[in-house]
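Have a look at these structures, which come just after this line.
There are two complexes below, and they share chain A, which is joined by chain B in the first and by chain C in the second.
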Partner chain A sequence: MALRVLTHDERAASGLLAGLVAVLMAVTAFPILYSLWISLFAVNLRRPNRMPFVGLDNYANVLASPQFWESVGRTAIFSAMSVGAVLLVATLVAVLLDQDFPGRRVLSACLLIPWAIPSVANGLMWKWIYDSNYGALNGLLLQLGFISSAMIWLGDADRTLGLIANAFIWKEVPLAAILLLVTLKSIPADLYGAAAVDGAPAWHRFVHVTFPALRPGFLLVALYEAMMAVRHFDLFFLLTEGGPGGASDVVAWRIYVETFRNLSFGTGAAMSYILAIATLLMSYALIRSMARQL
Partner chain B sequence: MTATPMMSRRSALAVGASALALPFVRPARAAEAIGFATWSAAVDQVKAHVAGFEKKTGLSVAYSNSPYAQYRETLITKFTGGAPLDMLWVSDAWLPEFAQAGWLAPIDPYKQLMAYDAVTSDFCVKSTMFEGKQYGLTYYTDYMGFFYNADILAKAGIPAPPTTWEEVTAQAATIKAKGLLDYPVVIGMAQESWMIEFMSAMVYSTGGRFVDDAGNAVMQDPKSGAVAALGWLAEAVNTHKILSPGCVSTGELEVLKTASAGRAAFVLLPKYRLKVLADPAQSQAAGKFKQALMPMGNGGSHATVGWMRFYGATPRALSAGRADGVVQLMEWFGGKADGDYVFQKTILKDLALSFGIKDLYNDPAVRADLGSYGDADLMAKQQDLARKKDTIAPWFGEWNDTHGTAWQQAISGKLSVAAALKTSAEKWAALKKAG
Partner chain C sequence: MIIPRPIGPRLWRGVGLAAAACLLLVYVLAPVAWLLSSSLQTEREIVSIPPHWIPDHPTLQNFRAIFATGLGLAPAPPGADPSGAGFVPSVAGNLLPAMGNSFIVAVAVVILNLLIGVPAAYAIAKIRFRGRSVALYAILATRVIPDIALVVPFFLVVRKLGLLDSLVSLIVTYLAITVPFSVFVLASFFEQMPDDLDRAARVDGCSRLQVLLRVYLPLARPALVAVGLFAFLASWNEFLLALMFTQTSASQTLPIIVAGITSDFTVSFSFLNAAGVLAVVPPVLLAVIFERYIVSGLTAGAVKG
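Let's look at the complex of A and B:
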């Protein structure tokens, strides 16, 4: 088959785009491919002159490590808690903001505050809130008389993941609520009108009209939040550094420790690829499910 | 008449090309500034001292700094990328890995620098040594100190601070029983960079060690290891309830804030924090915290852990043609400048950062400064009892990750003391074997 000769305009456009493509390749494709390359070597910066090719050994070692699978388990628990709670709270907030009431605009603006706060500031704020010695949460609960002595928050291994998930949810709910609110706004008003004519009470209208219409929004939010939760690092770094006793040692934290503390860039890159592939598979499954249900 | 162009098209192109190429042309090596990297501390003091050096020597210094939390990673990136670095601040914990990787060069050939060893605290000199060679001069040093809130002790009717860990337990129990504090002892056991210093102080004071002179793990040995120290912590949390279970999420800064809020009777903190504790603008407990020698364990001593940060030099810095200027700069900061320990005194006065030069404890200005918030003689006495961390090895970071987790699990009662230290020792042995 003969190749089509580009027109003058197409050649000019290609020339103009070539620079951008080159920049994108340099800043995106190159690091991705380079990290794939180094995942095939025993790269440890403590031994910069000794980096033998090990093929897929780094991947095999990671997948054979019980510590890695424990961190996978924690990541799954954290993600499930976070995504479920974000969906629930964001739905309630979106439904609330879809109503017409005085102060709705002010409330909508306030809702954006957690989203606008930088991740590091968010982490440090929650660290202060959760501190067992002088934290705001203990202070509040003591003043309200709910507790008689200071509680241990992040220091309690059984509570740590839940508390970090809470900080994550607080930051993520605004965006999720806005996405769901946009979906809510797109529901034709005559559907509610018809339901009202049929005498459907508010709860039935929500279950049979609102909820099905929200499904695309749910799937979109679930997809986005699941990707964010699985890869989340900031709060683990700022609040617990994987502790106490490894209770918050999730995959993203393990990658950081392996790469930047242990300087094992080869193993760290292999872990990153495993996480990326898992995230892609999870996203693919969610998108397939989304396509099937729409 | 035809006007003569001021510059031909070819000349203009040549000038343009030269201008574009300018950023990529390295200046002549001799004229290149000395690259000096630090973490983001004492920035104004460093800048002022650099300016003094440039004025005196005519040499120029390219000073840069980056946050401590990312400093090690930043340095490693620079080393592997071949960035023009000459002198830098280095933590004692990083020395083996930096030296082994060939990123630092020994300073043994430079007698004017080595002369300071004779007047420097022993643990500071030892902390700059790796495989028999010395890699720098002290920037600042400090040790883990034991501090008590005299006001709370008085309210509890305790006449004198504890001298042993058993007395700490007993006094803390009294304070708790009198309802003065829920958790009188505050020690940071969060998984952070300070954790090993807190641990080492307790281990040394109970007469234990993590590692023997040959570099083999002894931490699991009930007689000479870390068992007594970890056992005390676990009992303090789980049996006596004088130390909060939240200590595993309490970092050094949280210890300071808790003490500053007057919510601690006994704390372990770096000695330089005493100045903050004594400052009414920063501490509600100003004037109440006093220093005592580190309590002893059974068969232990008042020993504590000391650490230091030092000025190191890269192999490029100590190459022919550059060494002279870099050695001068290292002495200007880590030794004397114009015949006096100017920088050491400046950072002590401004930031309470302590020094490795022993004689400075006899300097009237230094004594007056230290005396304004503590007992200079006691500080000097405790510094004499400080020992370098025995866990410093190229694999320290990797071991510390496993070790910290095991230690926290033992404190939380999820693992026995013996099992936790066995895990730590096995990890150490495996990493040592792997090199």
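Let's look at the complex of A and C:
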């Protein structure tokens, strides 16, 4: 076996990288491969001594299950709502923070609050806001006269996904706005200068200069937020546990139920794998489709 | 001759900006203000309709109960009437120990992130070696893997090693969700530093490690702060893995106890909100105090990612 001699630099690099390589091997590469292995067996912790090899049966069962595809549909709706709203709100916030006005720094410091809040506390907070008896949402809408009687918010199957998305969006907007603001700041000033000489009105400048220049930022934010939304679990656990009547039963929740309530680890691992591969494909497709517009 | 500028458009611009800024401030702060306000209300006040946006009789009774029972100064009264004014749920005493667990885990994860991340990031940014792009792609790929996909294998391994319900299992698995990002942020920071520093120091006979420790590290302080904060916040806030691995108060972190309280119908609404406030205060303080470091760190991580 011909081992190429490592250069001096490469010896140094391998020493410096040893910790990282060990971590990536132990807590990323190994679990991912182990998960693939598990997904080929009918592992059920209720029957710990029987673990028959079933090949791709777990995958076939998952992909043939209407319940799984319904959860995929809900995940898609939740993600589309979340990504769309985050992009819209974050763009407005970024454009605002790009202006110069007194109190801008205080505002951008406050903007980090939703980002920093633990998702569990975020879930608790919104569950209490949506509370059908004493919550702030009912209280506010009743006081303003928009509704005449208290609504059951999270218990309404038609509203659940949107309300959970709202809590998700509130927490995700700050990061998205910060990333878009960086893109805004990188727009060369002479682009605006040229538009100003043409006498273009402000909205015209936004549509023809700002918006096209923001595209790489949109790509990054859409990709990141889509990844976060598709895998999101915490709010579903805290707010609805997949209910009412399965109205918020998304893929991440399904994986949790299969694995830790039904104890079918093989099925859970197969679903996780499908989710991971879908995430990879989605991020690839998203980059490609948006790159073509650039 | 000086022609006075028309004030109209500028005035409107100012009004528009002020209105937009106020709207954003309300959007960001109102939910948190309601959480805080609710945590300071008595049990009688919190069930009033319409809600009291500002408590008439603000009280610290929930926080007093959390600290008194948590520090062992007073036993948690068993099963008092939940509708009573001074009711303290039995889980109150678990909040401070859980906060302690969260803190230990987060600090350990920060230290390990810096120990592992700094040398690796330096090597990726400053040394040309075969496999450098493979290392970069591997780091990027880990960020695409959903954490929920790691849960099943982690759980089986942790169980086999007998590490369920231990802080070690949390610390080690949290490296999976923090280290790649830390390396990325640090590497993009090191990359911006001039290579000349490196060469000059090595001509003087410094080894790579000495260059890193003596030249780059002192300059990299903002990046180290940012990465430390990210690792701390990610660990402090993590829920899914802690939900799988922890079983008793020996290892349960704050999000687990808070989630338990959220789904416990016997716990009073004001106490629920107080528990929420307890979980929110440390990360929010860190974020607001170190805003500048966080924003520059997020930007560095994103521009490269």
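Please note the rule applied: the second predicted complex is superposed on the first by the 273 of 294 C-alpha atoms of A that agree within 3 Å, B and C clash if a C-alpha of one lies under 4 Å from a C-alpha of the other, contacts with A are read in each partner's own complex, and residues count from 1 in each chain.
Basically, a contact is a pair of C-beta atoms (placed from the backbone, for glycine too) under 8 Å apart; a residue touches a chain by one contact, two chains touch by 3 or more.
Computed from a predicted structure; not experimentally measured.
**Q** Is A:118 contacted by the first partner chain B, the second partner chain C, both or neither?
**A** A:118 sits against chain C, while chain B stays out of touch.
**Q** For A:227 in the superposed arrangement: first (chain B), second (chain C), both or neither?
**A** In the superposition, A:227 contacts chain C only.
**Q** According to the stated criteria, A:79 is in contact with first (chain B), second (chain C), both, or neither; which is it?
**A** neither
**Q** Tell me which of chain B and chain C touches more residues of chain A.
**A** When the residues of chain A touched by each partner are counted, C comes out ahead.
**Q** Under the stated touch criterion, which partner chain does A:210 make contact with: chain B (first), chain C (second), both, or neither?
**A** The answer is neither, since A:210 touches no partner chain.
**Q** For A:12, is the partner it touches chain B (first), chain C (second), both, or none of the two (neither)?
**A** A:12 sits against chain C, while chain B stays out of touch.
**Q** Let me test your reading of the model: by the given contact rule, A:260 touches which partner, first (chain B), second (chain C), both or neither?
**A** In the superposed model, A:260 contacts both chain B and chain C.
**Q** Just to be sure I read the superposition right, which of the two partners does A:136 touch: chain B = first, chain C = second, or both, or neither?
**A** Once the two structures are laid over each other on A, A:136 reaches chain C alone.
**Q** Answer with first, second, both or neither: which of chain B and chain C does A:126 touch in the superposed model?
**A** second
**Q** In the superposed arrangement, does A:157 touch chain B (first), chain C (second), both or neither?
**A** Touch status of A:157: first partner only.
**Q** Show which residues of chain A both chain B and chain C reach, each in its own complex.
**A** Residues 131, 133-134, 260, which sit in both footprints.
**Q** Under the touch definition given earlier, write down the residues of chain A that touch chain B in their complex.
**A** 45-49, 130-134, 149-150, 152-157, 160, 240-246, 249, 257, 260-263
**Q** Within the complex, which stretch of chain B touches chain A?
**A** Spelled out, the residues of chain B in touch with chain A are 73, 76, 79-80, 97, 100-102, 182, 186, 190-192, 244-250, 254, 257-258, 261, 263, 394-395, 397-398, 401, 404-406, 408-409, 412, 414-415.
**Q** Could you pull out which chain A residues touch chain C in their complex?
**A** Those in contact with chain C are residues 7, 9-10, 12-17, 19-20, 23-24, 26-28, 30-32, 34-35, 38, 92-93, 96, 99, 101, 103-104, 107-121, 123-129, 131, 133-136, 139, 142-143, 170, 174-175, 178-179, 182, 220, 224, 227, 230-231, 233-234, 237-238, 252, 255-256, 259-260, 265, 268-269, 272-273, 275-276, 279-280, 283.
**Q** Would you mind writing out the residues of chain C in touch with chain A in their complex?
**A** 14, 17-18, 20-21, 24-25, 27-29, 31-32, 34-35, 38, 46-51, 115-117, 119-120, 122-124, 127-130, 132, 135, 138-139, 142, 144-157, 172-173, 175-176, 179-180, 183, 207-209, 212, 233, 236-237, 239-240, 243-244, 254-255, 258-259, 261-263, 269, 272-273, 275-276, 279-280, 283-284, 286-288, 291, 294-295, 298-299, 302-303, 305
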